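Common to both upcoming complexes is subunit A, partnered first by subunit B, then by subunit C.
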Partner chain A sequence: MRDGVEITSRKSGDFDWLGIAGEVDMHASPQVRKALLDALQPKSALLVDLSAVRYMDSSGVACLVEAFQTARKQGSRFALVAVAQPVLNVLRLARLDKVFTLYASLDEALAGGG
Partner chain B sequence: MNSQMPNGYAIEVERLVTHYGPRKILDDVNFTARQGEIMVIMGGSGSGKSTLLRHLLGLHRPTSGSIKLLGQDITKLSADQMFDLRKNMGVAFQGGALFNSMTVGENVELPLREHTRLDDNTIRIMSRMKLEVVNLAGFEDMMPAELSGGMIKRAALARAIVMDPKLLFFDEPSAGLDPVVSAELDELILTLRDAMNMTIVVVTHELESAFKIADRITVLDQGRILMSDTAAAVRASEHPRIRSLLDRTPRNDAVNPDEYLERLTREIIRA
Partner chain C sequence: MSTPSSALLPDSVGDIHWLASISQDFAASLSMAETLDNAIAQIMVYMEVEAASIFLLNAEATTLTCQACAGAVDIRGLSVAAGQGIVGRAVSTGQAQMVRDVAVDGDFSKKIDELTGFQTRSILCAPLQVKGRMLGALEVINKRAANACFDDADQQLLQALAGVVSLAVHNARMAEALVEQERLRRELDLAREIQRGLLPQAPIGEFPVCGINLPALEVSGDFYDFFALPDGRIVWGLGDVSGKGMNAALLMAKTISLFRCLGKREDDIGRLLATLNDEIAETALYGMFVTMVLGTFDPASGEVRLANAGHQPPLLRHADGRYEEFELAGPPLGVLPGMGYEIVSFRLGDGRLFVFTDGVTEGYREDGTMLGLDGLQAIFDAHARSTASEQLAAVAATLQAGGRRLRDDLTLLAIGR
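Moving on to the complex of A and B:
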């Protein structure tokens, strides 16, 4: 059965933080896509925390790709934080681990300037 | 998925018997593949390996026996249930089976457009990601007729994995390809299993490819399973039929004159 996905967001100083938890499959990814695109503001910084993602299929990764490119076009910063191993495997398959900005932790992301 | 796999088998075939017309093709075949396992089905021409694949895909009804995919016996499923199960299955056919009137990109997107209501942007990014995976990046606007044999197979593989299936079936990935392209496809199969934990069934008669990718190999001969074991065990087998397959010696079967004459004259000469 579907466990679904939980999305939380908060604003903290210079950056917006979006936490995605649970299973991002083809049923859940439209919700993730909307949350990502809604969270993007021009000339801002968005950190997407993936530490609590148990599963993400390619539809979820496609949403991250679309959000990342939208952010770049807007002149915003976009980074993935604490990417769980199952997600990293899917990113690596299409060599997207070399495309996204990845941080091991929120602290590292903040030190890296988001 | 609410499927049950109590014993960890993604595929479990029991006592499968199949016929084409009066001729028995598969005889009491038992076959398993664990989740995340690469199982290679090997055998010469006429061994029944393609028939076994077609039954695993639910394209034919067997005479008897059961075929469980992800815990569900497909011989007992309704058309709707089979349709749902197919969302978890990817198939790369030997000839590619791409639609010639559609671009490569449209071919790869097709399962997503048939089975999901994802946003158009998501669908296009997903299909392009899979074209990246199979090293066909940038070819999405080409027509199948413009592709080489190896490219067609890779495009077919991209389409087969576009839905992130739990089960991937690959018919003769190496057939008709030069050794380098064939080796690249083998690497790709290993990468897919490692990244996605897919259960992969590969039908092949290419020994080198089989030994490179297989966790286990099932050897079929004249419709029966000769052996189902690790690649190392199959390679070390002393079984004369397996040795003949591995050493590429021509088979020299005993001929049963009664059966042979019956096959040639059935429905022509009646008793």
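Moving on to the complex of A and C:
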């Protein structure tokens, strides 16, 4: 049984924060994709908290890639925060950890400037 | 008014015969439009009315459009809002509507009369529905005989007719859906055939590179390819497009075509991978990306050169049974332009190099356990004395054992004799 995905968002000063929790598979990824693209405003900063993601397949990775590409075109800042181990393994295997900006914690992300 | 016993009974027997003959027409018909036209003409004559029509709801159930009619004016194609007029009332309430004088019914819409010049005095209308699903309505207008009004017998007959017409419409739609499904099926078959044609032909004689690709669905997002250069070296590649289905298959077709075309011109495989990356990144959609390993093999010297874009590490089985993985890799193709890719080179000797997609290591054996890298190596070991293509066939057989449907596309490439 899949538990699905839970998405929470908040706005805090200079940046938007999006928290994704649960299992991001083929069924959940359209919802994740929409949330990511909706949250991305031109010239903004979006921090995506992946600390509570238990599983992510390639459709979930594609959502992150699309958000990353959209942010780049818009001149927005896009970073992943506190990436849970299962997701980190997937990103490392595909060498996407070299492409995305990753922060260990929210504090680190805020100190990261931008 | 005549008594039911004397007037209705003979008519009813006639009605049943007539209903049966209309039902047979529907059952024998292949064209819904023709059958409805024919039925509505019969209904007009038999029920002694000036006009009859069938209105069907559109897919969104927002408008009712006349699909068949008989009478002085042709209103086929004419639409009204789903809740409009007497026909709309029949559809929204699901009840037959008998209006003996439209002049005193507030819901009557003059729209059609104004458009056509027809003069409606009375209406009898029955909803068309199948299993609680509203399809539209069947309507008859103005009894022909002077001063005649619609009565309960007319309403019962029209409701019976509505049941027959509903089933005919429902069946015709099911038949149309089947035809459409069959058309899509044929298109998928064609796409699969074209995609298979993009993969390399099985080489004649002893060729030191071979591969297999088994799609989980009709079309695949995986691919492999190899071809010989004039100097005798062989260029090979294997890739996996993120996602499944037709969009993955289309990006696969683009990537394999670029690989085949650019691979014949670009000598530096790191630059070849970087060029592929830039080309795919330029038109990337929906975050789709491609993981790919490509390289060259020189049968004369035994030298292998390879570069990896985000794909799982290629696996070298040395002649003595030791395994070596090549971890060096850059990001997948299509994510970010301007990437560089480093090259690994080594002598193959009597070993074999295997490149494969995660559909292989994450595939299931007959007992339901995941194959994994260990399981894959165990199959290679068990068939170490076989040819490379026999080794690949053994992996495919393990993952297809018990007629299990594949979870993911399955693609392997082997380099070496």
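Details
The rule is simple: the second predicted complex is superposed on the first by the 113 of 114 C-alpha atoms of A that agree within 3 Å, B and C clash if a C-alpha of one lies under 4 Å from a C-alpha of the other, contacts with A are read in each partner's own complex, and residues count from 1 in each chain.
Everything that follows uses one rule, which is that a contact is a pair of C-beta atoms (placed from the backbone, for glycine too) under 8 Å apart; a residue touches a chain by one contact, two chains touch by 3 or more.
Everything quoted here is computed from the prediction, not taken from an experiment.
On the shared subunit subunit A, the superposed partners subunit B and subunit C overlap sterically. In the overlay built on the shared chain, the residue A:92 is in contact with subunit B alone; subunit C does not reach it.
By the touch criterion stated above, A:31 is placed in contact with neither subunit B nor subunit C. When both complexes are overlaid on chain A, the residue A:61 reaches subunit B and subunit C alike.
Once the two complexes are laid over each other on the shared chain, residue contacts for A:101 go to neither subunit B nor subunit C.
Applying the stated contact rule after C-alpha superposition, one finds that A:74 touches neither subunit B nor subunit C.
Among the listed stretches 8-16, 98-106 or 188-196 of subunit C, only 188-196 clashes with subunit B once the two complexes are superposed. Subunit A residues 26, 33, 58-59, 61-63, 65-66, 93-96 lie at the interface with subunit B in one structure and with subunit C in the other.
Residues 26, 33, 58-59, 61-69, 72, 93-96, 98-99 of subunit A are the ones touching subunit C in the complex. Within the complex, the subunit C residues that touch subunit A are 242-244, 284, 286-289, 291, 309-310, 312, 329-332, 335-336. Contact residues of subunit B toward subunit A in the complex are 2, 116-119, 121-123, 125-126, 129-130, 132-133, 162-164, 191-192, 194-196.
Only residues 1, 26, 29-30, 33, 57-59, 61-63, 65-66, 89-90, 92-96 of subunit A touch subunit B when the two sit together in their complex.
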